[in-house]
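Please go over the structures that come below.
Shared between the two complexes below is chain A, which has chain B as its partner in the first and chain C in the second.
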Partner chain A sequence: MKAFWREFVRNRSGVAGLAVLALMVALALLAPVLTDRVGLDVTRAQFPRWQPPAADYWLGTDHTGRSVLLQTWWGARVSLTVGVAATLLSVGVGSVVGLAAAHFGGWLSGLLMRVTDFFLALPALVLAICLSTVLPRGIGTIVLAIGATAWPATARLVRAQTLAVEARPYIERAKVLGGGHLHIIGRHVLPGVFPLVLVNTTLTVASAIIAESTLSFLGLGDPGLVSWGSMLHEATLHGAVSQGAWWFLLPPGLGIVLVVLAFTLCGRALETVLNPRLRVS
Partner chain B sequence: MTALLELRDLSVQYRTERGEVPAVRGVDLTLAAGQTLGLAGESGCGKSTLAMAVLRLLPKSARIGGEVLLDGEDVATMSWGRLRAVRWAQASVVFQGAMHALNPVRRIGEQIAEPITVHAEAGHEPSRTVLRRRVAELLEQVELPASRADAYPHELSGGQKQRVMIAMALACEPRLIIADEPTTALDVIVQAQVLDVLGRLVADNGLGLMMISHDLSVLAATCERIAVMYEGRIVEQGPSRELMGAPKHPHSKALAAAFPVVGDPEFRLTPQDAAGDGGTLLRTEGLRVDFPDRAGGTTHAVAGVDLEVREEEIVALVGQSGSGKTTLARTLLGLQQPTGGRVLFDGEPLPAGGRALRAYRRQAQLVLQDPTSALNPRHTVYQAVAEGLRIHRVPGDERELVADALAKAELRPPEQFFPVLPHELSGGQRQRVVIAGALALGPRLLVADEPVASLDASVRGEILALLLRLRAELGLATLVITHDIGLAWNIADRVAVMYHGKLVEVGPVEQVLLAPTHPYTKRLLAAVPRGAVTG
Partner chain C sequence: MVTVRISRWRLGLTLGALLVAVGLAAPAVTTAAPTAAAQGGTVLRVALTKQVDSVNPFLSITQAGTELGRLMYEFLTTYDAKDQHPVPALAEKWETSQDKLTWTYTIRSGVRWSDGQPLTAKDVAFTFNLMLTNDVARTANGNFVANFDSVSAPDDRTVVIRTKTPQATMLALDVPIVPEHVWSKVTDIAGYTNDTTPVVGNGPFVLTEYRANESIRFKANKDYWRGAPHYDELDFVIYKNADAATQALIKGEVDLINRLGPGQYDSLKNAANVTLNPAKGRRFNELLFNPGAATSTGVPIGDGNPALRDVKVRQALAKAFNLKDIVSKVAGGYAEPGGGLIPPVFVSYHWQPDASQARSFDPAAANRELDAAGYPRGAGGIRQGPDGKPLTLRLLGHNGTAFDEQTAPYIKQWLSDVGVDVTVQLVSDSQVNEITSGGKYDLAFSGWGANPDPDYILSLHTCSQRPNADGKGGTTDSFLCDPQYDALYTQQLAEFDQAKRAELVKQAQQRFYDLAVGVVLDYDNSLEAYRKDRFADFQVQPDPGGVIMAQNGYWGYYSARPVAGAASSGGGNAGPVIGIAAGAVVVLAVLAFLFARRRRATSAERE
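Let's turn to the complex of A and B:
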């Protein structure tokens, strides 16, 4: 673990990404301590509408007169939670299905891949809407809806990579040495597939955050919570562009970019640490 | 008369991240029309770079010094258009690995005709019928029926593809042909046929041939002269017969020793009667393995094999690719379930799975052909060797056991190799790590699938010596699977010849290889390139 950390620290962009992420997570977690939630309430808006950044409201105000800074701050909580949770769910399910299908082969592989194809063919948005109507509205439902539609891509990817790794002669050697399924998957296949899963994860976080905004836009999110997606939606809906209110659009947009970038940098740094061949060259 | 090809003080450097790496350092060579020159050397000696430099086919990162004269004209000063005209029309290349050099989605006739159309002058493109006739002619020259022009590459065998490559090289009637390892991936019998075709074409048409190979015996069979390359320099040059018979440079000697003359006692590394007269260790009884093939029928990969390996014995299983020898090896190790018959180890039938099979794994171990891919690139030497120990939870101090196994495989001092990753090792060292990983479990039988086929000539001898020493010191029985009869002559006590899934001849090495009785064994032996036979 120590060696792992030493290796990671050597990668500057990775450290930068990790720092940004840590800062964002810390701010998101401390939001209730440092700010007052009341400012998010439309009925208790304290400021004039459509104001550019000023001392009282550093990032200006929206169409109801609420502080954009406060919304962005609290929005990070929802966006990060949904993005990470949905990604973990979809990458987890996808990896298990892909690994199992490739490693065991036979009828199990056929069955798993047909199920994957079924989900791949389903229009993701329609499935998500159906899930949200059946299940109670809230963050949990959004996570489930995004996770359920995003995993097939990961499953296909992991399966392909697993097949490639399993064709290597060192898998044969491990079998002859007496290694069982657990040993082969744990010692050889997973480390070989992991970098790909990591990169895939960082990309999935990005699309999950965007998917969350789409669902919020469609009114399927929790109306009581502010997220970056719902902020962008509100901004376009109430004509922030025609008002020239760049301060309403930029913060949530930049927030998404920053999170995605930070995840990507961390993912790449992790990849170099985990793949010794990248480290040397 | 100017020489067809003249290299004057040719040097090539590659620019890499670690600075300039010299590949060729000051090579002088001449080749006149009608002459044949063999260029021998190990991987990385610069022989392929040299060949590519002739037609300026090197990547941009290469810096070329000296002169390459094609028919007296300097290749470096040629204009792009002139170079294009010269490529193929004056000099052409038979590339390494015919399997990948052909376009899989185009008929071979079109591919052979391609250089002809490309080189035709504008407005004078040959008509389809002319092209067809020319392709048929070329196919005939390489001894393929003209009807094969409509075939796709996957419908041809390896030897046929290689001949198509030769036909392609001949398409524009070049005066110089450069053949880069033209037979490396081929079986001995097919290799003999391809070399035969190539040699005849060169002699009939008075072409110049520069053939590149790591295999001295192949070069000796086709070329008048051989030049041995080592670390970018020509270290020895001379008529094939002399060079094969009495190599002077130590490196030439190593190369020559790697391609043993069957029948020459000097190449017999295993001492007489070294095999103990122990009991039978491994026996198969009527072993059969069938695979369903695409047409819905069955392929009999192993069709009733009775093989016996005694304790402390080295048995060579010899056969062409596709003869079923690798399937047989996989079945012996329990990686493949037999369709019929059975495998007996120490008198007990081979367990089909579970705990018993895992226990068997401690008794029989595998050494794979290519050590580079047999080792997980992410695992250090220590992890690779300790892998088996951890799986079987072998009691004892792990570090000590790993060090012991590495020392047995002659990687000394073992501690120095612990943190090393496979890509930092040489090919021979990697193979030793694979062997050490097998030895760590203290097996009684080693199954080695082409253990030296992917290794360089100088390393080959060391690994063979190691296998022999392991037998002498640890009493290890070894089943060596190979297409290389010279290898069998080198180390085996007994030889089993496999053909179409059956063992056609089994017996002591001297008996089978010197006085073969089965026609297939005779064919196999006749196909081995003799070079300059001394005995």
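Let's turn to the complex of A and C:
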């Protein structure tokens, strides 16, 4: 672990990404402590509408007179939650399918991989839009829609890695010594596959956050929650462009860029640490 | 390594400087476009942000579609531009029999179709008889002929219509008259798109180009019986959203826009050469309470919350809404707080509760009344029904409709303040229709555009408009079925004395208000803007304070006059252009960075 950390710290962009991420997560978690949720309530909005940044509202106000800073702050919670939850779902499903397909082989592998191919061939955004239109509107639906569309890539990746690991002689020895499926997968295959899953997870979070923003921007998010995507949706719907209200459009946009960048940098750094071949000499 | 790094920065800076220069030069380039469009006669360019469903006048029900129909086809009578009373159009005069059952219209002579054929009473009779014999032809305007017994044309200038019972809307027949020599050859009305240009018509404009939701072009009808319009061509330019249309108006790419949001409208206040028209609209927004949906035979359908069947609960909830806040915050001040069903623009029929009857914003009273109605507050401040379950209501709205999306959080908070939990459901328009017609809602946003004649809006709340067992065969708005309301509705339809009818219409609105099956939230202004350096003399309806577009008539388009020397166009707004240029600079800087990195990588490999 120590060696891993030393290796990670050597990657400066990775450390920067991690620092940004830690700051964001800390701010998101502390939002209820540091700010007052009442500021998000439209009926108690206390500022004038469409105001540029000023001392009372550092990032200006929106079409209802609420502080954009406060919304961006609280929006981070939704974006991060959905990003992480959707990723856990998709990586979980993907890993199980990939492991099962590679380990058991035969007709099960064929069946699972055809299903994976089917989902891989479907345009992800269109499928996600369909799902979130048909299912009741809410944060759970968004997680499900993203999770259901993002897993096939993980499944393919995990299957390939599992096949590579299972070809090694020690797996054969474990089998000869009488190791059951659970023992082989749990004790021998998973440790070999896990680093890859970890890297994949970090990178998937980034795309899941973008997917969440896209769906919310299209107006398919939870109408009761502020997220970065829904802020952009409201900004365009209520004429922020005509108003020249850049302060309403930029903060959520930059928020998305920053979080996605941070996750990607961390993921790349992890990849470098775990895969010596990528290391620059 | 060092040399490579310097060259990367140099490359980025050069590209950046180049793009800034291009960006600053861009406004000069964009102004060239409008002048080219103005060649070959004067053109009024109108931004269209709503979809046209069809240009077949028998099928079109959307506002945008019927508006095109009003330009293509003349009506028997039309509505006056000043005060919207029915005035002669194709019918130059009319008379009624003693029993009010037979109406005789005299058709104007000398009117010609755009292909040169004379228009006769036969065309009028053909149009109405087509609607009487073909149920598809009744899709759009079937309510006008539902009570017709027969329509005939004894000679070329006389049309005789017999109705089954007296009908007060006989001078407000909103039915476009079509040419018999074209439409008699049409066998399948439902499949006839009516877009083989030029489309033969008799309105002030002739449709000469129609590609669904791409481009719509009209030529002025030089033989129009009121006289030719003052310009040569009328183009509808399709825009996906109001923001894009607003930018196009600022840049001079279009001359007239409507349906602006308060945000876009306010942003135009400082624009050069733009005149704003905050017209009184004929639309209202309302919030429906499901009073216990049922079919036309009284069989309950849907799953509305039983609490809302109690009129006392509905009246109490209605007091939790601050309509003034909706006007000032959601509508940006461009609206009037709601009251009766008929908007205030129709002065004679509009009803507003007086001080003694009005439900003002009073959460304390709402709380008291809900306590008294048997819904005490339970755990967490949420009220409980007689069954001990927390009072949770679903709020249904249209996804992507600015009013619904913006008002929903207000309603949720206001009801939460009186101890009612609300789940907001914003879904697609078709889903809203499906859910509401099945009665599967508790609260739902709705809204209608009223006509000068109040009959249609009032009919939406009668027992007979409730759907049949299949969910078809009626257009109910609220699932209201109240004998007293129905009686008032029937009386007004048969009342020919204008003052007495207005009184009945107001009583019906008051009954609706007291029953609180819906709360009219506000009457939106219709926000419009036009280029005063290009066109002038738009006739508004009603005058003053009315709309240019979306009229009950064609006056706005027909009366417009081009301003002398209008071909030159304004300077445009450099702001967005610079913004786009700045965006392009960022994108290209990133590309340059990546390109340089790539180069660095390859040179490293070479070393």
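One rule holds for everything that comes next: the second predicted complex is superposed on the first by the 201 of 281 C-alpha atoms of A that agree within 3 Å, B and C clash if a C-alpha of one lies under 4 Å from a C-alpha of the other, contacts with A are read in each partner's own complex, and residues count from 1 in each chain.
The definition used in the following text is that a residue touches a chain if its C-beta (ideal position, glycine included) is under 8 Å from a C-beta of that chain, and two chains touch if they have at least 3 such contacts.
Only a predicted model underlies this, so the values are computations on that prediction, with no experimental measurement involved.
Q: Name the contact category of A:191: first (chain B only), second (chain C only), both, or neither.
A: In the superposed model, A:191 contacts chain B only, not chain C.
Q: Is A:123 contacted by the first partner chain B, the second partner chain C, both or neither?
A: neither
Q: Counting residues of chain A touched by each partner, does chain B or chain C come out ahead?
A: C
Q: If you stack the two complexes on chain A, which partner ends up touching A:183: first (chain B), second (chain C), both, or neither?
A: Touch status of A:183: first partner only.
Q: Output check: A:174 vs chain B and chain C. Expected answer is one of first, second, both, neither. What do you get?
A: First partner only, chain B.
Q: Thinking of the overlay built on chain A, is A:106 touched by chain B (first), by chain C (second), by both, or by neither?
A: Neither partner.
Q: Please output the residues of chain B touching chain A within their complex, sorted ascending.
A: 17, 333, 335, 358, 361-362, 364-366, 368-370, 373-378, 387-388, 391-392, 421, 423, 434, 437-438, 441
Q: Write out the stretch or stretches of chain A touching chain C in their complex.
A: For this pair, the touching residues of chain A are 41-45, 49-50, 63-65, 133, 136-137, 219-220, 223-224, 234, 236-246.
Q: Within the complex, which stretch of chain C touches chain A?
A: Per the stated touch rule, the residues are 241-243, 246-247, 260-264, 266-268, 322, 325, 329, 332, 397, 399-400, 402, 405-406, 408-410, 412-414, 417, 423-428, 431, 575-576, 579.
Q: Can you name the residues of chain A that touch chain B in the complex?
A: These residues of chain A touch chain B: 168-170, 172-180, 183, 187-188, 191-192, 275-277, 280-281.
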